[in-house]
Each structure stands twice: as C-alpha cells, then as structure tokens.
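Below are structures written as structure tokens.
Presented sequentially are two complexes of chain A, the first with chain B as partner and the second with chain C.
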Partner chain A sequence: MTRAIAFRTLSVASTLLVSSFIIFAAMHYSPGSSLAFILGGGENTATPEQIALVEAQFGLKDPLLLRYWHWISGVFTGDWGRSYALREDVWRLLGSRLPTTLGLIGLACTLSIAFGVAVGVLASIAGRAAGIAITIVTTIGFATPGFVAAIILVSIFAVKLGWFPALGSGDGFANSLWHLVLPSIALGLTTSCVIARITRVAMAAELGREHVQTAIIRGVPKHLILWRHVLRNALIPIVTVSGISAATMVAGTVVIEFAFGLHGIGTLLIQAVQQKDVPVVQAISIVLVGAYVLVNFVVDLLYLLIDPRVRLANR
Partner chain B sequence: MTAYRSERLSVAALAMSATLMSAQAQDIRLEGRTPAAAGPLERVVWALPVEPASLDPAQANEFVIAQVLANACESLFVLDPDFKIQNWLATSVSQPDLTTYVYEIRKNATFWDGTPVTPQDVAFSLARHMDPATKSRWGRYFANVEAITVEGDHGVKVRLKQPDVMFHAVMATSAGAVVKKAHAEAAQNAIGTPQILPMCSGPFKLAAWNIGSSIQLVRNDSHWNAALKPLSARFEFKFVTDTAAQVNGLLTGELQGMYGPTGNAIAGLKKADEKGLHYGRSFSNYNLIPNQRPTGAPLVVSDKIRQALSLAIDRAAVAKSVFAGAALPTLSPAPSASLSYGGDVFPQALARLGTPKVDLEAAKALVAQAGPISQPIVLAYGARSDYQLLATLIQDAGRKIGVPIELKSVPYGQYVAGFFDAKLRDYDMLMMTKNVNMTEPLDFYSVFTPSFDALNFGRYQNKEVIDALAKARAETDPAARARLIASVQDIIVSDKAWIPLVEFTNTVYMHRGITGAPASYVFPYYPWATGVGAAAK
Partner chain C sequence: MQTAEAITGPGRLARILEQLGVAGTLALLLMAGVCLVAIFAPWIAPHDPLEVDIANAFGPPSATNLLGTDTLGRDILSRLIWGSRTALLGPLAIVALSGSLAAVIALTAAWKRGWVDMVISRIIDIQFAFPAILLALLVAAAFSSGFWPAVVALALASVPHKARLLRSEALRERAQPYIEALEVQGMSGPSITVRHLFPAVWPLFSTQLILSFGYATIELAAISFIGLGIQAPTPDWGLMVAQGQATLIQGEFREALSAGICIVAVVTAVTIIGDRLSHNHGRSI
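Entry: the complex of A and B
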C-alpha cells in the first residue's frame, strides 16, 4: 500500500514537472514577445531605455533553459512570480478567480449527474414512448454546444423572464450560487445528456441479467431490485463517464465564463496565453493538470467503494 | 489607444447582428453632452470591457484605465465635453520663452487624505514618466524635457531641450495627473496595483479594486470644485469582456452604462433600446495601412493600387455593417476632432479631400495602368469581429476591380505583439485604429516621424513630411502650426500612405433612468462620472 502511494505521488510529480516544461517551452518559442504586454498592450510608445530595462528585468532574451531554471527554482522556494500584464502576485490572482471556477464546475457536476442519472433511470423503466421521447431530448441536448445553450438560456431566463441574473459572479454565498445556476446548466448540459444515455444503456443491460430476472421472479419489491441489483451494478460505467466529464468540464468552463461574464480561471488562462504572461500560464496549467490527476484519483477510489472485486484485486 | 474588444462567440453574434443591421441606414446624430441628470443616485454600475492592467496614471494611455482614472486622478488641465481645454490643478500657464513652461498650481486642492497638493507633488508626478523603471506609456512625450523644478511657492517649471507643443498638450491627459509624492515613494513607486491604489485628489476616491470583478469609487466630499460634486455616492466599474454578456447586462440594467461598445454590441442595443444610445465626436479613425517596405523587399501594393483601393472601398457600407451605423465615412487620416485650431486652415484642408464616394470605373483604370498583379495582396488583421468584417469588405472591393486580396487573420495577442516586433507584421497591408490623446493632430501625424516610429506600421518614410512635422512640433503659433500640418496631410493623402476608412464615433449607452455621461470622446480625460445621475421622470 505504501509502495502504491509512493509510486502514485512520484508519477504525479513527474507529470506536473514534464507538463510544466512543455508548456514553458511552447510559450518561449511561440511568436511575439511578452514585452508588448509588460509595456502596455494597445500601442507601442515605449522608449528604448524602457525596453532594455524590461528585457533585463524579466530575462526575456535569456535562453529557454535558463528562463525555465529561474522559474522552477522560484517555485521550489515558494515564489511563483508576478503576472506580467496585471502586475499582481500569481497566487493572489488565481485565488480571486478559483472560487468562481470551482463553484461553476462543482454545481455543473452536481446538477448534471443528478439530472443525468435520474433521467437515465426513468428512461430505462418507463414505457417505450417515454423512452423514445427521452432519447430524442437527450440527443438534442448532447448536440447543443455550451455557448449556444448560454445564449438561449440568457435570452429566455435572464432577459425575457428576469428569473436569473444575466452575468457576473455575485457577492456572498447564496447570491453567488444564484449567479452560477444558468452557467452551470449551460456547462453541464452535454454531460448530463451523456450520463442519462449511459445510465439508460447500463440499466437496460443489468435489467436483463439473470440475477435480476431471478429477483423479479422471486417477487422482490421493484424499488429494491432497481436500487440494489440494477443501479449499483450499473454505477461503474456511470462513474467512469462522470469522472471524465468532470475533468473535461475544466476546459469547457472557458467558453461559459466568457458568455456569462464570469471571472474564473478559464478566462484568465486565455488572456494570459494571448499576452504571453508566462507566470500565470504556468500556475494555471499546474492547477489544471493537478485537478485532472485528482479527479482520476477520486474515480479510482469510488471504484473501490462500488465494486468489491476491485477491492479484492487490490489486496 | 486601441480598444481591447474581445469577441468570443462572435459567430453567433455576427449572425444576429447581420439581420439586425440591414434595416438601419439612417444617419446618426452627434451630441456633445447627453441630457443633464435631474437627481442623485445611491450607486451606479458601469461596464468596463476588460479589467485594467493597472491604475497607475503612467499606464493610462488607453481608454480602459483612463476612463476610471479621469474621475479620480486629476491632471493639470482637462478636456471638457466640448473639447475645450480647461485649467484644472494648474490655474494658469506662462511661457517665458519657447522652451519653458511655468505652471501655477491650484492652492485649494487636497489629496484624499486631506494633505494639500503641492508643487513638489506635481514635479514628482511629471518626472516619474522619465524614469524607465516607471515603465510609463507617456515616456515618449517627455523626450524633450530637460528639467522639472519647483518654482516659488506654487509654481512648477518645465524646461525643454527644444520647443515642443506636444509636451504642453499632453498635460491635459493622465500624463499630467498628480499623485502624492510621499505615498508613491513609500510604495517604491509601484502604485496602481490592486493593493496600492494611487493617492490622488479627484472628485471620486479609488476605494477598492476587487481583482477579477470590479473597481469601486466613492464620492470625495471635500473636493475643491463644489460645482462638480458627484451625483452618485458610489460608482462601480464591472469588468465584462464578452460582447453578448455586455449587451445582456446593459439591457437588464445589471450594468447601467458603458463607453465604447463594439459594432456588434451597438447593433444589439439598438434593436432593444435605441433611446439609450448616444453618439459623439471621437478620436478614433480606422485606417488601412499598406506596407511600404523601405527595406528593399518588393512593394506589392503600388501607388496606383492604393489609389484604386481607396476609390473602390464602399465606406458607407463599412460604417453600416461593421459599426452598426455608428461610424462616418472619412478621407482624413487623422480624426477630425483633433483638428481643432488654426481658424479655417483645417476646414479648408478637409474640404480639399472631397467626399468619400465609390468610383469603380476610375479604380479599374488605375489597376489597368498598374499592370498585371503577380500574387494576391496579403491583408493581415487582429482576429476581432470588427476587423474580420472590415477585411471581408475590403477583399470584396478588391475583387470588384481585379485586385486579388488574401486575408490573414492573426490571433489578437500576436497582433498586439507585432507592435513591438516588425517581423510579426511584415504583411502587404494591415488594419489599424490609431486613436489620439489630444486635440492636436500632431499626436496622430507624429507616427510618421522618428520620435514615434514604432507606430509607423506601414514604415512610410518621407523627408518632407518628417521636416514639416518637426517644424510644427516646435511651432507655438497655432495658425502657423495648422498650416504646416495641413501641408503634411495633403502629402499623406496624395501618397495614400494610410488609406482612411471611417471615423468610429464615440458611443455611450445608458440604461433607462440614468443620464449625464458626455457623448463626446472626453471620458479618458474629464471627470465625467460626476455628472451621471437619475434622469428626469
């Protein structure tokens, strides 16, 4: 067990290290210079003295390995640097943005998993007509990109009906949650439809299994069969898909944050990449890679809980 | 100054606006001021298209930072909504000789902490721009300054190496803004970050900068100018980048006003609430810039082709479809609002340009004279929906007269990086908005001189132009200066150094119940938010 944990930690650390170098190198070799954004984005009114000073201060002309060394040695001493463009400590910048993104992804996951599983279960036990109707609706939902959903949701529920705010993050817990409802629906729509369909297929497969048939013949109450014998066994594919979806939502949040004027990690990343803001891009990518690894880890743990066979195999 | 206007979701927005704009062709009415507010408001929420990179006046040569700071950090002079320069923290200016300006500093102005604004603070604030470590974006305007000293009890003397009218003119922008010396020095000159906001004297105090979401201003009740007492106790700037999100916020009233919406946003607002939109004169021209390639590479866009393109581009269609009608076709490279002095010199120079009209036959004749075109002209632009649409219209104009144009969309960040790296903008033609910062056309035409050569994107070089502009920059008599600049304008126009397209009017939107923000492009210079209040019932 200790060896497994040590191995896991080591692989996570090397993943983070390698990915940080690849991203750093890509930023280094991409065209243009950070200079434009350190000395102001809109226009070049910089004097030659300013340019010389900035190039020396930020080591912009240094070779890749030297620049990376400066960055990584800073990281190990706890100094992640300051944003070039916003002149602000990187973690303070991220700290102000993370709650919005985490809240968005958290709410989107909760809503889409709850909705997806409920609809999937319903579709598998409802009659033929209801099943077809649900299939059609989930197909449309699956094919609707997040930004289109955003436009539709805002124009109906914010502009026309005025039930939800059209943009922004809000202040305080309840108000922030209120602001995140429409964005979460837009972000989680595709995922919830995928989960609904996976759930339906997995449930249907389990319903046909011998032990379920036996249980039905023996007269076990229907809700018990569904809960203990069908859904529980169908959970493995559902959890796998939910895990992958949650991880990919991190990428989807960029578009949704823009559409709803939310200030999260996604919008910050796009802005930072465009501005060659190396310290910010590096810090966000570490967070994203870390989040990916973490989600996968949680999914593995869930397997242990759900399926005794996995537990046995790990003994 | 260039607008940062992000255009996510532009596909959907374009599709929406294309249908909206077909019905709107009527002319727009330009206003200076919008109807005055009738009463106070507890709080106003205003949209900013992007989060400012800094709130240091030394960084405020673009309208996002400047529209916040204009209300908080006062300069020696201001540009009022009628484009007139008014004394502000300076109560007078004298010029004992051509290379000396002496500014008399207001005696009754105090910083937000209650301490008086002193000539020492003024001299410090101006000299900051000359220290490379400040990274001031106004540095080039101080290139001719020799010394800045305190003169007597209430004066500041600026000695120049050579006469320079642009130095004095820039004092009416945030280059002339005064910050408290002791406060800035205590922060090692690193002011304008979310933690250390500058200490200024304006009618609004900078109260808080919440990273990623908003900037809060509160009324300064001890401001020296009682006539300018803000109507709202709190003024909040919210950062909203996406065009669709801006429009939704403005229409629902979650955002109560905004300066400088894009053409797409204007189209959306026009459809839903046309009464909320106001248009004014601006400092913003869109130009098509042929690359003159003085380095010896072949000139793809020859003289004749440039003339032909200028005749073929339908500027009225550009104004209508790219800017939702909020733009005026123009043949003047410099924004007309900057041509403000010299009696009838500039009006006559503008009259010589004629009126923009499409003449495809004449254009085709010019193309025939130019001879066969071996390869398509590459037109590069930053990937923003306004440039995108504009480029398509130019390509179409070229197609009509047999000039093949290839479009090259460059990611906007890389396009900006190109301002600092000529290799990144080595295309045959570029598209650019060059805003000016003052009612001084030299601020525009100086791009063709060595002192602002980084902005000379087409690398146009003409000794006659450079000499005349150098003379104009030293000429303190407005009429004589106007004549020199008008002569430069004639050359630039006949050479088609830059091909003028449209003047994008200044647009402000205010939600129902709110009024008072000036319609003219003075919001980066004038404490405009003081007048924003409740509209008459």
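Entry: the complex of A and C
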C-alpha cells in the first residue's frame, strides 16, 4: 500500500517536472519574438543598446536550460516573473483571477454531482417511460458542448426571463455567486449527464443483488433500502467518475469563462495566448496541468483506499 | 481475411444495423445525410456563404433566407451547409492522425514489451497531463492559430487515450498461443503485428475511433469558438456560435442557436453509434 502510494507520488512529480519543461521549451522556441512584444512594436526604431538592455533584463539571450532553471526555481519561491503585456507580477495576477475560476469549478462540481445523482436515482426507480425520457435527455446533454449550453442558457434565463446576468463576474460574494450560476450549469452539464448515467447503472446493478432482494421481501421500507443498501454501494463508481470529471472541468473552464466573459484565469490565458505574453501562458499552463494531474492523482488514491480489490492487486 | 469481408460483405451490414437498433440506425442516417450535405454543399446552398449584404443584416426567416441572415446579412442556412465541411473534415483529420499515431505507438509497445514498452507507457502518462484544450492553446501560443494547428494539437492530445486502450488490448492478444506459433514458424514481428495483431484488436479500436470523433467535434468547435481555431470569414459552426453570441443580448439568437443545434446533433448521433457498437465488446471504452 505505502509502496503503491510512493510509486504514484514519484510518478506524478516526474510528470509535472517533464511537462513544465515541455511548456517552457515550446514557448522558448516559438517563432513570434518576445522582444518585439516587449518593445511594443518599436523594435525597428529601438537602438541596439535598448535591445541589449531588454534582452539582458528579461534574460532573452540565455540558453534554454539556464532560463528553465531560473523559471522553475522562481516557481518554487513564488517569483513567477512579470507579464509582458500587463507589466504586472504574474503571481499577483493569478491571485486576483483564481477565486473566480475556483468558484466556478467548485459550484459546477457541486451542482453536477447533486443533479446527476438525483436524476440517476430517479431514473433507476422510475417507470419505463420516465426512464426512457431521462435517457434521451442525458444522451443529448452529454453531447452538448459547454459553450453551446452557454448560449442556450443566456438566451433563455438572461435575455428572455432576466433572472440571471448574461455576462461578467460581478462584485461582492453574493453577487459574484449569482454571476456564476449559469456558467457553472454550462460547465457541469456534460458531467452531470455522465454521473446520472453511471448512477443509474450502478443502482440497477445493486438493486438486483441478493441482499437487496432479501430486504425487499422482508418488508424493509423502500427509502431505507435505497439509502442504506443500494446508493451506498453504488457510490464507488460515482465517486470515481465525479473525480475524473472534476479534472476535465479544469480544462473546460477556459471555454466557459470566455463564453460568459468571466475574469478568471481561463480568459487571462486566452488573452495571453493572443498577445504572446509568454510568462502568463507558462504560469497558467503549469497551474492547469498541475491541477489536472493532482485531481487525477487524488482520485487514484481514493480509489486505492475505497476498493480493497484494487488495493490488493496493485504492486 | 475476416476484415476484407467485414468491410464489403452484405451480411455484415445487416448485422451492424441489428447492433445499432432503432436509435443507432437513425443516428447513422443522420450522419449519412450530413456527409451528403457536406459533399454537395456548393449545389445545395441557396446563397454564397460569404456574400455580405449589410442592408439585409439580421433579416428574419423568409422564402429567400430560410433561417434569416446574420450580422453582415449573410444567409445563415448557406453558412450552416458549408460549415458541415469543416465540421466533418476537421474531426476526421484529428481521428485519422491520432488513430494512426496511437496504433504505431501501442503496437510497437505491445510487440517489443520490456523496456520499449516501459518508455512508451511513461511517455503516454506524461501526455495524459495535457488536457486537449490546453494543448491546443499552447500550440496556438507557440506557433499560430488556425485549422491545422488546432487539428494537430487535438490529435496529439487524444493519442494517449487511444494508445493506452490499444496497448492493453494488444498485449492480451500478444500472449495468445497462436502468435507464438507464428513466431516459431519464423514470421517477422512487423508482419505478425500488421497481419494478425492489428486485425484482432481492430473491432474494439474502431469503436473507440468513432466515439473519439464526437469528442474531436466538440473540442475543435470549442477552439474555433474562442477564436484560436478556424478563422473568420470561413463558415464554421463553432465560429458561428461565437459570432451569434455577440448579438444574443439583442435577442438575435438564430445564428448561434442553429449552429449549436448542428453541433449537438452530430455529436449525439456519433455517440449513439459508438455506444451501441461498444456494447458488443462488453467493455467500457
């Protein structure tokens, strides 16, 4: 058990290190010149002294490995460099943008798990017609990309009904949360459909098992059977799928933030990509890759802890 | 031999339709329809998709413009019809590229085993760390945005999923006695892999490719939506959702909504087909 955890920790650490190097090297060798951007298009008029100064200041002429070393040691000490475009400390920029993104992902996770499990349980105990209806809705919901869900939600709930704001992040806690409702539904839609399906399948499998059948015959109240014997055992696959879905939301947040004009790290990344703002692209990429890998790692560990079969089968 | 017959045999078609069921057959018909529309777009489209007519902007649905017109007075229906081309070709290119890469990588790992397999598996693990959208953004930042950079990035991002499944499947097949028998007979590794190992894993692999077409459609449309994929004025569904989104507040939802419905319809159809086919493998993909 300890060996399995140690092995996975080591593997995650090396994955993060290698991917940080890939991210850094890709941006290092990119054809667009950072120099041109820092000088604001004035590279033709800048004197050689000015160019040399900028190159020295940003370390543009240093070899790749040396620059990578500077960057990665900075990452560990909280010095993430300065944005070329916004002339601001990257660490501070991230700090101001992260709450929106975390709020969005957190709310999307909560809503999609609650909604998915509820629909899945309902589908497993509902009649045939209701079951088919739920299958159709979850199949289409699964195939609906977040940004398409976004325009549908906005045109109904923001434009037609005016219940929610269509764009922006809002200020203050309650108001910000209000602005996150539609985006988190759009972000969590696919996930909630996946969870609903998994819940339904797991519930059906548990409902057919011997101890559940016995309980039904003995006349144990139905809600008690569902809660104590069925849902609890069905939770293992549900937890796993929820975890994996949370990881995919880390990437999905970029598109959803853009669709709703939220000021999170996703929109910051798109902006930085368009402006070739290398330090910001590197920083956000490593944050997203890190979050994605860590969530997957935690799911792996949970799986290891919950299910003794996996625990015993693993090295 | 089995595969040659599998593609052409009439009995096979009937069996596939039986596996697909009613929903699957409808989905297949829908996809066939979209393919025809894409092929014959120049003849079907009532207007030039690029023809700007500012005076007729936001025109309501009429006899000449069945779905109305967009911000620049372009015919929405014609743009949808032309947009089916990138909507099919893009994901097709992604699936073909990532499928062939994954096949080469996974079959090499399964055949060689030992340290080659270990190195390849480690590379696959690292690639797993990059979500598709992020990889596409990185490629856009490092090189340029557009159709091909997005296609290559999304293809690379989807290699590890395919390679991982194919590798474990091929490893299982590799352990079968008939493969060893062929080896003893002196058949070379590459030809056993191409003639026996790959055909044996193809049914499962092809189903996975179909399912991945759906994901590729969503991802490519999303990249175009955020402005780093297919560029205006090319008619493209993802791009149309983005353009239509800008006028949503004014109540002009036709462009965004109709393009969104097209995307959802194609992805739903592909997912249903893939799901139905994957049931006979008895394993989740």
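Keep this in mind: the second predicted complex is superposed on the first by the 252 of 315 C-alpha atoms of A that agree within 3 Å, B and C clash if a C-alpha of one lies under 4 Å from a C-alpha of the other, contacts with A are read in each partner's own complex, and residues count from 1 in each chain.
In this section, a residue touches a chain if its C-beta (ideal position, glycine included) is under 8 Å from a C-beta of that chain, and two chains touch if they have at least 3 such contacts.
For clarity, every value in this text was computed on a predicted model and none was experimentally measured.
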item	value
Touched partner set for A:Val75, first chain B, second chain C, both or neither	neither
Chain B versus chain C as contact partner of A:Gly162, first or second or both or neither	first
First, second, both or neither for A:Phe258, with chain B first and chain C second	both
Touched partner set for A:Ser96, first chain B, second chain C, both or neither	first
First (chain B), second (chain C), both or neither touched by A:Ile152	second
First, second, both or neither for A:Leu302, with chain B first and chain C second	neither
First (chain B), second (chain C), both or neither touched by A:Ala85	first
Partner chain(s) touched by A:Leu207 [first = chain B, second = chain C, both, neither]	neither
Touching partner for A:Val273 - first (chain B), second (chain C), both, neither	both
Contact residues common to both interfaces of chain A (with chain B and with chain C)	31, 147-148, 150-151, 154-155, 158-159, 166-167, 255, 258-259, 273-274, 276
Contact set on chain A toward chain B in their complex	31-33, 35-47, 49-54, 85-88, 92-93, 96-97, 100, 147-148, 150-151, 154-155, 158-159, 162, 165-169, 255, 258-261, 263, 267-268, 273-276
Chain C contact footprint on chain A (complex, rising order)	11, 15-16, 18-19, 22-23, 26-27, 29-31, 139-140, 142-148, 150-152, 154-155, 158-159, 166-167, 247-248, 250-252, 254-255, 258-259, 269-270, 272-274, 276, 278, 281, 285, 288-289, 292-293, 296
Touching residues (chain side chain C, partner chain A) in the complex	125-126, 128-134, 137-143, 145, 214, 218, 221-222, 225-228, 238, 241-242, 244-245, 248-249, 251, 253, 256-257, 260, 263-264, 267-268, 271-272
In the complex, chain B residues that touch chain A	1-4, 6, 8-9, 12, 51, 53-54, 59, 61-62, 132-133, 135-140, 143, 190, 193-194, 210-213, 238-242, 244-246, 248-249, 251-252, 254-255, 411-414, 416-421, 424, 452, 454-455
